[in-house]
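Input: one structure, supplied below.
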């Protein structure tokens, strides 16, 4: 009865960790599996790590791989965890490539999940829910809200997503 | 552009705290406001604490008060935080009283938010998202899933929600 | 160069966990090993779980077992994790049995380690440090302080340890 | 009856926070006060923020200020929170300047306190305890151990403190 979902992991703040030897933030494995366990998820989810990059290192080639993976997946509902700084650009790339009748929801976090005070778990619960019930399309889910891919922007001064002036 | 939502707080595991003098779990104030801040929610939400009771202490009178508050609220989208053991019964009471064209989503937590490893933040993000996009009706949102009020039960042995055999 | 230490686990709030099926606090395994890893301890420590009981369930027989284990251990420095309500009584029992030239430090927590906001890690770091440098004797280490076994009491109203009026 | 202690804050990993707008680690206020509350400390402690710098930005001038503040403080027991990479050098500078009959203990953290999995609380409990009972001298307290200032080094590959070969 539950529809299958895919989570495509692209990295971003969501998955940053603290390297105690270098004192720097870095990527290792995604935390999405652990977050689903913490959330007691009973959804039928396949997690696919597409890449582990900083939002600012997301270029056209990386974006093309995400588009390709969205097309290749058989699930009709897909959540993409992505850095917030270029999440809107990736949403546009997916939508403009033609999203193939799927519901695709991009989400991320302002604070790494590995830190005590992350918004990641809230956003993941939110994105998975929107992905199950919104009509086909490409969306950004942040701050408890959902936006169509062509009506959203990140306000970098305030660290929030908001509707874009037409 | 954002629709107003209400969160009705009924207590439950969600809001239990540890009393370090007595060594017992108890209720004080709801954590819902803090959770919304952590989730960087930008939704237009009004929080109303209706009661602070254990799921097992939820009786017909308490349930009638929740029904009454659902009717009285002007928002079309309502999330109710509730103990998991009797969440389904309260959902039924609301639905049978006639839910008045609103989308009402009950959610809760298996582990108190104040503890390190709670599913509460995931569930809150999930419930708020379902409340925004599901058609009018009464639902339970747990484990990343949503259920109609009349098709769900709690599996107490496993601590999860599941579809009820017809 | 590092002296060997023993940690005797007696239970107490330190090790309480939340049972998400029953909604009650209970004991399973001690968290002391995990806490030492978190603290990056490089001490030569042996952990021995003597019992897992609530402070209020600590009776003379249980206390006699702790006294016996203190005697049996070969380490000269011993930390005992114990419920706070009867910690002073157990300290007295050990001291009155003759503590055999060892430095024995009892500690505990006001809030379970498994919860987000526990004093357990602070107390464990403190107790292990006192155990390494205090002269032979029986002590209670709580609230950053150390007390001789015969000069301390728990103030139950305030949830702190303090010097006992002579 | 409790002796007064001072905590001199010099920054270091201990106090790093995550800036959710820039995605970088930075310093704002020290977390030491919050950590003492969490540890339910009842010690008579004065916290003085001397500086907030990365261990690698600690230069001779900064070090001279710490030495000066150690001398100026009236307390006989002083804990210094400091970045781990140059903690040993600062301990040496204090010792060589003549530490004036005081017990001075440097400590730090491998992971910021603001992150979920920090060793900071363990180390702070440990350092405060050593500072109360060790004889006058300059020490480093890390990994549950204490070292004289002239017998310790940081093993950067392993991220631990260890005795230095003579």
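A, B, C and D are the chain letters, set down in written order, and residue numbers restart from 1 in every chain.
Everything that follows uses one rule, which is that contacts are C-beta pairs under 8 Å (C-beta built on N, C-alpha and C of every residue); 3 or more make two chains touch, one makes a residue touch a chain.
Computed from a predicted structure; not experimentally measured.
In summary, no chain was found to touch both chain A and chain D.
Minimum number of contact steps separating chain A from chain C: 2.
For chain D, the chain whose average C-alpha position is most distant is B.
Between the Cα centres of chain B and chain D there is a gap of 45 Å.
Work out the mean CA point of chain B and of chain C, and you get 39 Å between them.
One inter-chain figure worth recording: chain C and chain D are separated by 26 Å, centre to centre, where each centre is the mean of the chain's CA atoms.
Along chain C, residues 110, 116-117, 159 each make contact with two or more other chains. In summary, the structure contains touching chain pairs A-B, A-D, B-C, C-D.
Of all residues in chain D, only 13, 16, 18, 20-21, 23, 25, 54, 110-112, 114-117, 156-157, 159 touch chain A in the complex they form.
Looking at the complex, you find that chain C touches chain D at residues 1-2, 35-36, 38-43, 110, 117-119, 121-130, 132-134, 141-146, 159-163.
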